[in-house]
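Have a look at the structure below, then the notes.
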Amino acid sequence: MTEHLASFPYLSCMLLSPVAGLFILLFLKEEQRTLIRGVSLVSAGMAFALSIYTFVAYDKQLGGLQFVEKYEWVKGFGITYFVGVEGMNAPLLLLTGIVIFTGVLTMWELQDRVKEYFIFQLALVTGVFGVFMSYDLFFFFLFYEIAVVPMYILILIWGSTRKEYAAMKLTLYLMAGSGLIIPGMLLLYSSSGIATFNMVALHAVQFSPWIQKVVFVLLLLGFGVLAAVWPFHTWSPVGHVAAPTAVSMLHAGVLMKLGSFAILRVAMYLCPQGFQYWAEFMGLLAAVGIVYGVFVGLAQTDLKYVIGYSSVSHMGIVGLGLATGTVDGLNGAVFQMFAHGVMTALFFSAVGFIYDRTHTREIHELGGFSKIMPVASAFFITAALCGAGVPGMASFWAELLVLIAAVQVFPVRGLAAIAALVVGALFALRVVQNTFFNKPNPKFVHFEDVSPFLGLPRMILIGFLIFFGIFPQTMVSLIKTSIVPFIKGM
Amino acid sequence: MLLFNQLETYLYVALVLFFIGLYGVLARRNLIAILISVELILNAASLNFMAFNRFLAPHPAVGQVIALFIMAVAAAEAAIALSIIIAVYRKLKSVNVEQATELRG
Amino acid sequence: MNVLLFGPELFYLGMALVLFFFSLQRRVQVERTYWAALGLAAAGFVVALYCLFQNGEIFFRAYKVDLFSQIFKAALALGLFLVMMISRNLAHIEPRYHAEFFFFLTTCTLGMMMLVSSVELLTIYVALELSSYSLYILVPLRKGDGLDVEAGIKYLFIGAVSSGFMLFGLGYIFGATHSTYLSEIIPRMPELLASPIGLVGLLLTLAGLFFKLSVFPFHFWAPDVYQGGANQVVTFIATASKAAAVAVILRLAMLGAKYGYSFTQALVVLSIVSMTLGNLVAIIQKDFKRMLAYSSIAHAGYVLIGVITFQELGYASAVYYALAYLVMNFTVFMVLSEVATDGQDLKIEELAGLYSRSPLLTMSLILGIFALAGVPPSIGFTGKLLLFTSAMNEGYFWLVLIGAVNGTVSLYYYLKVVYAAYFLEPRQGPLQLSWPTKALNWTLCSAILVFGVFPDGLVELARTAVRMVL
Amino acid sequence: MDPILLGCLLCVILPLVAFGLIMIFTWRRPNLSLAISLVASTIPLIIAWTMLFKLWGIKEPLIFTFNWLVSDLVKVPFGFLIDPVSLIMLVIVATISWLIQIYSIGYMGGDPGFGRYYADLSLFAMSMLGLVISSGLLQLYVFWELVGLSSYLLIGFWYEKFSASEAGKKAFVVTRFGDVGFFMGLVFLTIFFGSLDIAGLNAAAASDKMPPWLITTSALLIFCGIAGKSAQFPIHVWLPDAMEGPTPVSALLHSATMVAAGVYLLTRIFPFMAASATAMLIILAIATLTMILSSTIGMVATDIKQVWAYSTVSQLAFMAMGLSAAGLAHGTLFAGYFHLTTHAAFKALLFLCAGAFIHHFGTNNFFVMSKEGGRKLTIPMVTVTIAALALCGIFPMAGFFSKELILGTLAHLDNKIWVLLGLFGAFLTSYYTFRVIFVMLFPRADDHPAWEQYWEEPEPHGHGHGDDAHGHGHGDAHAHDDAHGHGHGGHGDSHGVPWVMSFPLLVLAGFTLVLGFLQTPLETFLLGKSEPHEMSFVLLASAVGVALAGIGMAWLDWGRKTASWQGFIKQIPALETFFIQKWYIDHFWRWFLDTFIYGVFSKWFTYNDRRVVDGGVDAVAFSCIGGGRWLSFIQTAFLQFNLLFMVVVLAAVGIYLLMGR
């Protein structure tokens, strides 16, 4: 992979702007609410802007790894600070930027322990950025865990239903995942012969098939937990339900992508033969997840549970795309990561808005919200339609690519996945109907609608969904630049 | 060949001493008795040192020096142990190990 | 002979004497004693740092002064100083014993300093006993119900027995190699380990050292002592003495380096059992210190991982981890003794609402706990990962796997602490911190983060240090 | 830039822009929204007609394509295919949607959701126009789905009404059910053929470049989509419910244009489909079944929109029959397509008239309308009669010509059963059509016994399935009247229909009258040549005969003074209930959904998720805690036990090492 050094440390700035915000927050008083919000918004906004810049400024003709920064970190262990942007992580950096920025706006109304909240949220997002940009296993894993752990406190304090249980379950589950990741990646490190954590260098090494098989399955399961691969998905609905709005957004929107991205970037990239060996298995899990998710989602009565299971299903599509190992499949998978991220963020921000007002998410208690708050409902309905795979939304194209590739490679699983679309549509519309249509619940009629300011983040999300829905090429052509050599390298 | 002129004899004696001490440590319930048994173990050790020194070591004095040191250390240990045992007696009104069974789990 | 070679020890000897005189005085002067002790400890740390790069052998080669030993001496001095920092109010120790309390801390430090540089069996033994005996006395020094003496007596006897074993073992090693100098013994070990006598000798020797580090099965004293001892004493045991134990184990483990498969396997098993047992039992603990005791057992297991490799990287990581453990564990204990204002034992629930009682302490607690749990970006995470890396380099796949899974288990009880501190509602009013404590908090937090993110300098130092013992 | 291309782009973009503008900014301001939407629908109208005249008689199709999405194997070109087929459909769609927008000014006036209504209409216009002129199947699929979306939005327009939102959901899900087949077909073609370009497909299939199995499978799969959109058995169930939407919507989407999209697709890729005889035969069978079924149900419905809905289903089936028969008999697509054209005109007319009545009387039950003096509304009454005649295929209405053509094509088949069934269908059609007309024309005296039998609206036959109770309450007619509360004018006032509503009626009536005579020019335009249809006199006679017979039957049952107002079907009660229950197909789907989807999969997967998967995870966690408690027992408080343990372990290790030497 060709590397082009950065003229200016854009990525480090992207990484450090939340950190800077975090440190400023440390020295602010809890009372200075607006200042706190302002600082976090600015730091998030800077990261957002930089992510947009890298997305736009990435030179597709040049290809390869751009904006690279590389410093020796720990000589004794061959650890380097090595960050860069290529076709497959540029969209995800952008996604992270979008979600954190909108997330901060979404939590604007937060009143309880604001300072700590934003500190932890910024810490979390630092980790996310780090994972997406680092090309050194050590830092990759370091950021991976940074992204996971603050979740515990975020859910515990600002969460809602069964939060103690959910927080503990989520954290331990994900950490159990990293319990598998550590041996896996260290096995690569030690068996590579060149004592380095540098992924690009490791990629050049020919690992023995046996090692590749072992490592791949370890990493697949380890990262799969975070990607909510069936049957390791149960933490995710519980976690989403418990988490506060913006955290659900970040979590479903971005964190779950960390898992699938890591499977792509580490597992598949470093152990291609292992991937060949396990691809069938991976595809099977993914397909089961897709079908399973929609059916379980059909039976849920809590809005967030519904979304949680739809995420399980959609992440299954990502997994299926990865499992195909074809250019189309991987393009689709990465695109789906982005699309689903934005979509779920929209979902959760809409639900969060309603929940903050009504303090219930039980579908049968709600109803007729299109009458009460048309705009808020419009946001949710848009997300739901996107989830149902309506064209004109980004996720349609992603699913299209993945499904075509899937039918090509695993016909039966692919067709099953396509068939699941019906049920997906059914349960999306079922929720929409019961929540937003029919007669309004008299309890809630007095609520007023989304204020333009609070509407802004949702509009941003919808904007991205529709933009990439109408011009999918802008995204796919970028992703391709890295996927094509990726497949060649495998 | 005289029995007292062989290394093995002393080693076995020391070993026996060691195990007697160990047995005492494990079997007796009286703190003082346990302390004495510990001393036996230490003595077994010093006997070893002397014996090895006598029969094998190049330098004639090492073992004896060590033995002396062990005595001193053991004395210190005894002093400390006794002081603590007295404290135990003050607080628990007994020097029986079975009395000191609060901390568990 | 260059005095600086023996500088720190001499200094602490003098310090001990000063404190001894304080203890002789009839009228009790708590304040003066404290400030004197603190000042001396600070000075001692300076001295230790000043002698950091001394190099040489004294006392007829019985005493080796090299970077390795000096690093640990500095660490020990630091540990003592930190403990002094939090000994401002020794609520659970009679005022008239304060001087003795400081005196014994000092002698213990002295003993451990000698321990880390001694390369001759007898010296090792004497130094070991010197440090242990001071601790034996410190534990029951606490006032109040019988728990302290019970802890003391258990500590004493388990310690005495294992040091008896060790002595017995040293005897055999001496007999087998006709020498008491490690430098002469280690080369002769390989051929000698074929014979049962050498083997038993080695095993029994390690027993005494594992007791210091509270490795399974010599861990029984730890929970009781941690719970029974006064907070400050336990802090010292949990930080400084652990570091010293690591140092001496790293030196002596070389005896078994060449022994080969079954010996390392035995160590692997011990390490696995220690970490698993420690973590699992810690889950069900209610008392904060007791929980930390079990976690220290688990961490002993982690350190052993580094020892087992018998390689430069492994040793370096072990050293790094020992220092890291000193810092992070101390952070937690500091919070503990700050919260336990009248020196009582702290239940985990009693951390309730710390976030509102003192945000600063909460931050330190979180960082310390997360560091212990091996969560980035903390010194604990880096240390643990380096340990695993070096172990994996030697091909201990399963050891690493189990260690990593253990990390997850441990997270459960560490998070329970976070839960209490962050989630439960406060029962008491806010805590007032003196400015030195605040400074200490910030220093420790930044140390945990900085050395976690920029470990290079420390790692390089550790590598050069361990080259001395290998 | 090529003016044609520009025109096509405008057709697609303008309504989309209108949709966006209204949805984001002006949805609270009715008049502004109306203005935007009208502009965005008038310009496409002009464009369509000018194109039709400019390009009249083109031989070669004009194709514009550029890349929309290029992955590796998947390439989605975005483009326009302008040929006679698409041109005519373009004109139809543009015209009718424009007329409907005019009509709706009156019909929807004062509705709180006025802006949203026009936004949805624009969305529909955009997607339908895009569908008509798209050059590739995948692009067509995209617009196809968007059409479905807009139909969902419009059916559920009065979302406070449970039955409406329910119907919307049903429509979307059921059509999606078909579309999955469509999508699978596309996937197959992509993988095994590589391109989804319509022209390419047709050419390849015609010059059998494709393996037959591929053609058959993908043709049948694509037909699933067609069946969904065009409401063919067994997934026609959504269309009658779709009448919950505002009547203009029913006229626009669910009679004239959207449901015709299925048939349009059939004609669009006719050569491809025709390449597989098997597929064609199956389609023919399904279509025939659908026609009979829907006509019989139409015979017993008392809701005027229901009647027209079922007649729509049957007419669509009739077109499908024509096309598939042509495919089997190596005929041309003209018959079916011509019927599509004419049907668009008169069916829209029928619905708009129904709308006029409903708007006026605030009920859907045509018996009630009749009693309240429906016939006094002159213009609607006249136009509806014209449309009815057209529907029955009476000279000189448009329907006559197209139906003759289709029957002719059917007659070409060797197996005569098809044409007989076709005739039977025609008979039923004219019967139920004129049942409505006669009832409206000749109301009975107020004391006539027949009234109370039809007076009370039939109660909705939904089963109380919690939030999923489906089926549309006709009884809610008044409810939705309140919902979009426009009170209807005083009775007996013959000018109760505002001009914005009567104007479209007249226009459409005009089309219905003249379209038939344009047969030859249209044919030449479509096929490039016009072969004379040797229409056998027998067939002609029988066709007209059955139509008249149907009307006569209706006269006997409903028209004449002494008519009992009991359909002859009353004689066979079992059959009647069977028809009233719509052949129990809704029940079947309901049962299927509850038993399998909810009852089996959903239920058991959820159980498994809670108990097995999640339970397993928790079990592991608890076992850890249990292990801790268990291990903590070795930490007894008893000193010497600890010492013993220590010694024993040490001894064990020693022994292991001694062994291991």
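Chains: A, B, C and D, in written order; residue numbering restarts at 1 for each.
The rule is short, and it goes like this: a residue touches a chain if its C-beta (ideal position, glycine included) is under 8 Å from a C-beta of that chain, and two chains touch if they have at least 3 such contacts.
Quantities reported herein were computed from a predicted structural model and do not represent experimental measurements.
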Exercise for the section: Mind listing the chains that sit against chain A and also against chain C? Expected result: D
Exercise for the section: Can you give the shortest number of steps from chain A to chain B, where adjacent chains in the path must touch? Expected result: 2
Handout entry: Innermost chain by mean C-alpha position
Key = A
Problem - Chain pair, most C-beta pairs within the contact cut-off - result: A-D
Practice task
Calculate how many whole Å lie between the centre of chain B and the centre of chain D, each centre taken as the average of the chain's C-alpha atoms.
Solution key: 98
Exercise for the section: Quick one: report the Å distance separating chain A from chain D, using the average Cα coordinate of each chain. Expected result: 37
Problem - Distance from chain D to chain C - Cα centre to Cα centre, in angstrom - result: 78
Problem - Centre-to-centre distance between chain C and chain B (centres being mean Cα positions), rounded to whole Å - result: 27
Handout entry: chain B residues counted as touching two or more neighbouring chains
Key = 22, 25, 34, 97, 100-103, 105
Fill in the blank from the handout: Each of the following residues of chain D touches two or more other chains, namely 621, 632, 635, 637, 639, 643
Exercise for the section: Provide the list of chain A residues touching at least two other chains, using ranges where the numbers run on. Expected result: 172
Completion exercise
Contacting chain pairs, sorted by label, are A-C, A-D, B-C, B-D, C-D
Handout entry: chain A residues touching chain D - in the complex, by the definition given at the top
Key = 169, 172-173, 231, 233-235, 238, 292, 295-296, 298-300, 326-328, 331-332, 363-364, 368, 370-371, 374, 378, 385, 388, 390-392, 396-397, 400-401, 403-405, 407-408, 414-415, 418-419, 421-423, 425-426, 429-430, 432-434, 436-440, 472-473, 476-477, 480, 484
Practice task
Mind listing the chain B positions that touch chain D in their complex?
Solution key: 22, 25-27, 29, 34, 97-98, 100-105
Fill in the blank from the handout: So, in the complex, the side of chain C touching chain D is made of residues 150, 153-154, 157-158, 161-162, 165, 194, 196, 199-200, 203-204, 207, 216-218, 220, 223-224, 261-263, 265-266, 270, 277, 279-284, 409, 412
Exercise for the section: Please give the residue numbers of chain D that touch chain A in the complex, ascending. Expected result: 23, 27, 67-74, 138, 141-143, 145-146, 149, 152, 156, 159-162, 164-166, 168-169, 172-173, 176-177, 180, 183-184, 187-188, 190-191, 467-468, 597-598, 601-603, 605-606, 609, 613-614, 617-618, 621
Exercise for the section: Give every residue of chain D touching chain C within the complex, in rising order. Expected result: 621, 624-625, 627-629, 631-632, 635, 637, 639, 642-643, 645-646, 649-650, 653-654, 656-661
